[in-house]
Amino acid sequence: MAELTAAWTSPDRAAALPAAVALPLLACGAVLLLRHRSIAREAASVAFGLALAGVVLALWPVADRGLRFELWTWLPGLPLEFALEPLGLLFASVAAVLWPVTTVYAAGYLRAAREPALDRFFAFFALTIASAMWIALSANLVTLLIGYELMTLATWPLVAHHGDAQARRGARTYVVVLLATSIGLLLPAIVWTWALADTTDFRPDGILAGQAGSGVLTLLFALYLFGIGKAALMPVHRWLPAAMVAPAPVSALLHAVAVVKAGVFTVLKVTVYVFGLDTLRETGAAEPMTWVAAFTLIAAAIVAIRSDDLKRRLAYSTVSQLAYIVLAATLAHQVAAAGGALHMVTHAVGKITLFLCAGAIAVTAGKTRVSELDGLGRAMPWTFAAFLTASVSIIGLPPTGGTWSKWLMLLGSAEADQVVPLVVLLAGSLLAVAYLMPIAVRAFLRPPADLPTHGEAPLVMTGPLTLTALGCVALFFGADAVLEPLAGTLELP
Amino acid sequence: MIASHYVYWTFFALMLIGLYVVISHGNLLKKLIGLSLFQVGVFLFYIGLGKQDGGSAPIISDDVETYSHPLPQVLILTAIVVGVATLAVGLALAVRIFEAYGTVEEDEVLERDSTERLAERDRERAAEHDGGGS
Amino acid sequence: MTTTFTLINVSLLAILTATAVTITRLRALYEATMLAALFSLVTACLFVLLDAVDVAFTEAAVGVGISTVLLLGVLALTRSSESVTPRRRRLPGAIAVLLVGGTLGYASLDLPEFGSADSPVQRHPVTEVYLHQSQEDIGIPNTVTSVLASYRGLDTLGELVVVFTAGLAVLSLLGPLARPERTRPTADFHLADYRVIRVVSGALMPFILLFALYVLFHGDYGPGGGFQAGVIFASGFVLYGLVFGLDRAQRVVPRAALWLLVSLGLLLYIGLGVTTMLLGGSFLDYDVLASDPDTGQHLGILVVETAIGITVASVMTTIFFGFAGRGVAR
Amino acid sequence: MTGQLPVLQVAVPLLCAPLCVLLRSRFVAWLLFLAASLTSLTCAVWLAERVDRTGALRYAMGDWQAPYGIEFVVNGFNTPVLLLVSLSAVVAAVYSRRSVAAELDDRRVPLLYACLCLALAGLLGLSITGDVFNAFVFLEISSLSTYTMIAMGRRRQALLASFRYLVIGTIGATFLLIGIGLAYAVTGTLNMADLAQRLTGSHDNRALQAAVVFVFVGLAVKMAVFPLHAWLPAAYGEAPSAVSTFVAATGTKVAIYVFCRFAFTVFGASLVFGAMPVDRIGLLLACLGILAGSAAACFQDDLRYVLAWSSVAQVGYIVAGVSLATTAGVSGAYLHMIMHSVTKAALFAIAGVLLLRLGSVRLADLAGLGRRMPWTFAAFVVAGLGLVGVPPTAGFASKWALVTALVERDQWPVLVAMLAGSLLALVYVGRVIEVAWFREPPDGADPLRPPASMVAAIWFLVLLSLYFGIDASLPAHLADAAAAALLGKGGG
């Protein structure tokens, strides 16, 4: 208790770290307490969300001061500890800001879609955010792993929310793939790391430098990248399309913000703070995985083009875009890594917009297939305008945030003298044009197949999705501010 | 070797005969008889360890010089009692098994259980079908 | 090793092995049971030959007496012939026998010579303590009794607990609490209808009980002790039950009394331990029972033997009543 | 009076057993069992604290010094076991009040409690004794009372389960007896410390090697190590719920402790793991047990059999840790012993509640459970994930320790088996969760309320497992002390 008080009163605000994890937990408790009063329940959720966003954003000025907060010692030599560093703060900010937005949207969506058991939904939603905070702030691999698994479990009921046979099947694939990879590959990788380095802390230069030969490091790196199933590298991406059975806000949260971003965040964290970019570059341990990432990037994009189901197309688009970040990480170059980190943010904002739009279309117009969207843009101008903006951002064209992240990644691969990744990155963007643009184009330019019997989606849904679309544009102008704390850590030129 | 060890070997042989009966025979009562034989072999082995040539029972009297060792005897007294207690419990179980299944052959008991389980599964399937149909 | 000893020894061992082999091959279980009794009897003789008179006494009482009675009782309730052992069952047994036999044979290569006075067992300092020091510490000629009841009193307590547990098991499985649907038809006649049996067994009863008491209290000086005495007591009741019928036997020793006695013996033993603790000694340290350690040891051992006798007799009787009270199922 | 603690630990439950029979009241018998287990727990805590402070304690029975008499030894290696057994007994006591009343006819209830007292005394005695033959006697006490309790199960299958356990268990105990006899023939003593002292330097004595084989095979039966596990599933699956809760948490664990005690402080690691290949055999059997047990658990359609088969697999984990014969390995094994006890007891307790309220624990009958008994189900999910070893449950902490120990010795095949076992655990736990949560309950099924005392017992265990999952320092401290006591100085 004394420690806690000291931490609160200390000038460097280390207590904000556990507070960031505790707030969503409190939200979860509040939702359960208020489970019979729907308005109060959701208001509490949003309020806690705003508070969390406030707490996390307030940490930006102290991002590089190395705040630490030790919870307790879990096993001898293995403390559970939080630490603040720019990458984690980036992830935490994305999750914390998008949570209240999604909550508002979810309240509208779930009512419109007449989903059951809203209390369970919001409770586990908050729990997911808590685990995201935990992951973002972890100071070592063990702490991170605990949050990582918690997130899988917390999202399980969300994916299976419908409760019908299809949802059960999807949720089963989701849980089995994620738990199997993490227990089967990630856990041994972490233990191995511990055995090699005698610590699992995240350190700026990595902890594995000089601890093992390049063969071992290559194997270990592969274990990590496949073990982090949430990063959806082929062939462990199967859970992502399977989880599309979830309600749209869940898809938005899962596949744009919390889960997949937790995956790529972990990948970045492992590359930068466990292996160390220099070590990776010198040993070439990451090279084989560059190829896997490149393959995933292209293959997933092609599947996305061939999918008619809107959510499925978005899901494969996610797989492809995640591969961008993994690819950037495997290049083991500072600029590329910064681009990856930025892409984590821009893709999150862009993709959540797309999913929110898809949900709005599904409940308002009842359409889930790309081929059915002809002419819908006239009935739902706001929704599709947002969709268009987000598409542009994902593709990586100005004036959206995606421009910078893709630019940095391209720059990074060029500086690292890697030609093939450069080509792949460019090709991926072209493919993104092919799978995203037709949607908005059809909606605005094609004549409608029949007279629409509905108008725009309700405000609680259009509001959030407009907000996130604006976010895409805002990132174009604010990218520097986002990257600033990171620049110091990664020693960007 | 033979002269000094044949007694042990016979005891071991008795154990093995008992062990074979326990493992191979399916009749529950025969198993218990086998178990007793097995244990008696072990008891004899223990007592043999305490025996001393030319010794006598370890009851101290003035006109005896050498005694056999009392400790193995004490151990085996305990072990015999444990053995008969186990036998009694085993027999009681055998009686109840006979009342429940009408047999004391292990194979037949297992067979009856498995047919019961199959029947139950069939019933369940049938019930599921009815539920789906209506 | 004297020739006579060897001769007797070899022939007894031969009989034992032959009996054991025959038992395995017999499918008629009555016959197998009788042979098992014979086996125990021969074993008891062998025990005497190996200087283990107390063990021999117990083996005779248990193997020939209690075990046989129980087995016969069960056979009366169930089928009495074994079905043919199928071929597939033989293999696991054969493998186990080979493995165990191999290990035992291997072990015997380094076992001390049989009957050697120089084996580790004989050389260990406990031998001296148990055989000679005990005369001063405890002062009882039968060292088996002093080791049993005092040096290793905890083992004996454990043994009594096992007996007690067996009593509980039989009570819960076969006792009045688990009555079968079929109740036992009242027998048309009792063995008591035969005058000779009635008179003889009636006349024997006091002698059996007297003998039991003698065995109980003579354990300090010769073979015998609580356990053997308990079994003899129980066999007295068994005889009574067989001759005069279960109902009359139960009138003599009511169930409630048996329940009481079963627990009482064990309580007495543990209570003795607790008493010694309360008097400032260790658990089962009889020295503190009286001002003179010798007297204390005598007193302690007497209480122990009595406790064993009470529990064993009542448990064995309970077990017999349990089996005998079961309906005739065939 | 504190000097008498080691014996009070065992004597109190022993004293309560005949009292249960004598007083023949259900309530009094329950009260006696509760009192006995609470006393044992108090003694265990007290002893653990004293051992932690001052080192090993010895207690000479009847004031006869070892090796002439029997001694009790309390040291780092058995305090965790004493704590575990007596704590499980307390939880089982709280839990059993309603469970036993529902599953047994009234008049047999006092007998069950008497048997529980005896089993408790037997297990505690087995853990605390420093004399090999005395260990055999206590083993028989606990076994015989366990056979009796299993036979009290509701279905007729319980009788055969009990009989088979009796036969296999007795063979195992007799093997132990043979082993003890051979060791006795070589040394002339039964005291563990004395044995260890007299055995040093006689590694090539063939009788001694055979003694090792017999003792370990005998114990392996009680531990349910893979090819000798046949008795376990039916025994745990058919016993009354309170009994399986208690026995699943303690029975095999105590046997494993005795195995460690014999391996490290009687025969000595250099004989067992150096001169004889017990470590390699142990690792092999552990792998097979993990895989076979987990796989079999996936195919069961009765929840209690799923749990029982999972126990077979979990024993494999512990044996693997012990077989490494390193400090890290043994410490990991102890940790897993503690964690698994808590988890498995919770799961069997939950199965008992379901049996009470639903009348069956066949998987098909669990449909819709998540809605009918949400809290009980939540407890099941947490404990079930503990079996899989998902963080932050208790199972993760212990698996972490075991995996670290394996990596340290480069035992990759075992590691793979262990991880495969975890994945299979995910399958069998997932099957249950899926049926219970996502399948529709039968028509007209109302929410069910389990009895408060049973819920309290279950949640105590579940929260304890969660606590150990996020802060494993207490059990880890105990486990490290145990490993240090076993490996540090022989002779115990």
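A, B, C and D are the chain letters, set down in written order, and residue numbers restart from 1 in every chain.
Heads up, the rule we're going with is that a residue touches a chain if its C-beta (ideal position, glycine included) is under 8 Å from a C-beta of that chain, and two chains touch if they have at least 3 such contacts.
Every value quoted in this text rests on a predicted model; they were computed, and no experiment measured them.
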Inset, instruction - Taking all protein C-alpha atoms shown, work out their mean, then name the chain whose own C-alpha mean is nearest to it. - result: D
Inset, instruction - Sort out for me whether B-C or C-D is joined by the greater number of C-beta contact pairs. - result: B-C
Legend entry - Between subunit D and subunit C, distance of the C-alpha-averaged centres to the nearest whole Å: 31
Inset, instruction - Return the distance between the CA-based centres of subunit B and subunit C, expressed in whole Å. - result: 15
Legend entry - Inter-chain centre distance, subunit A versus subunit B - centres from mean C-alpha coordinates, in Å: 64
Legend entry - Inter-centroid spacing, subunit D versus subunit B (mean Cα positions, whole Å): 24
Legend entry - Interface hub residues of subunit A, defined as touching at least two other chains: none
Legend entry - subunit D residues counted as touching two or more neighbouring chains: 133, 137, 140, 144, 147-148, 151, 178, 184-185
Legend entry - Junction residues of subunit C, two or more chains touched: 104, 108, 111, 119, 121-122, 126-127, 130, 152, 155, 158-159, 162, 165-166, 169, 173, 178
Inset, instruction - Once you've mapped the touching chain pairs, tell me: line, ring, star, complete or other? - result: other
Legend entry - Chains grouped in pairs wherever the two touch, ordered by label: A-D, B-C, B-D, C-D
Legend entry - subunit D-touching residues of subunit A, taken from the complex the two chains share: 72-76, 78, 80, 142, 145-146, 148-150, 152-153, 160, 163, 167-168, 171-172, 175-176, 179-180, 183-184, 187-188, 191-192, 194-195
Inset, instruction - Give every residue of subunit B touching subunit C within the complex, in rising order. - result: 4-10, 12-27, 29-30, 32-34, 36-37, 40, 43-44, 47-53, 55-61, 66-78, 80-89, 91-96, 98-99, 103-105, 107-108
Inset, instruction - Going by the contact rule at the top, pick out the subunit B residues touching subunit D in the complex. - result: 15, 19, 22, 28, 31-32, 35, 38-39, 42, 45-46, 49, 71-72, 75, 78-79, 82, 85-86, 89-90, 93-94, 96-97, 100-101, 106, 109-110, 113, 124
Legend entry - List of subunit C residues in touch with subunit D within their complex: 103-104, 106-112, 119-127, 129-130, 150-155, 157-159, 161-162, 164-166, 168-169, 171-173, 177-178, 259-260, 262-264, 266-267, 270, 273-274, 276-277, 281-287
Inset, instruction - Mind listing the subunit D positions that touch subunit C in their complex? - result: 4, 7, 11, 14-15, 17-19, 21-22, 24, 59-64, 67-70, 105, 107-108, 111-112, 114-115, 118, 121, 125, 133-134, 137-138, 140-141, 144-145, 147-148, 151-152, 178, 182, 184-189, 198, 205-211, 213-214
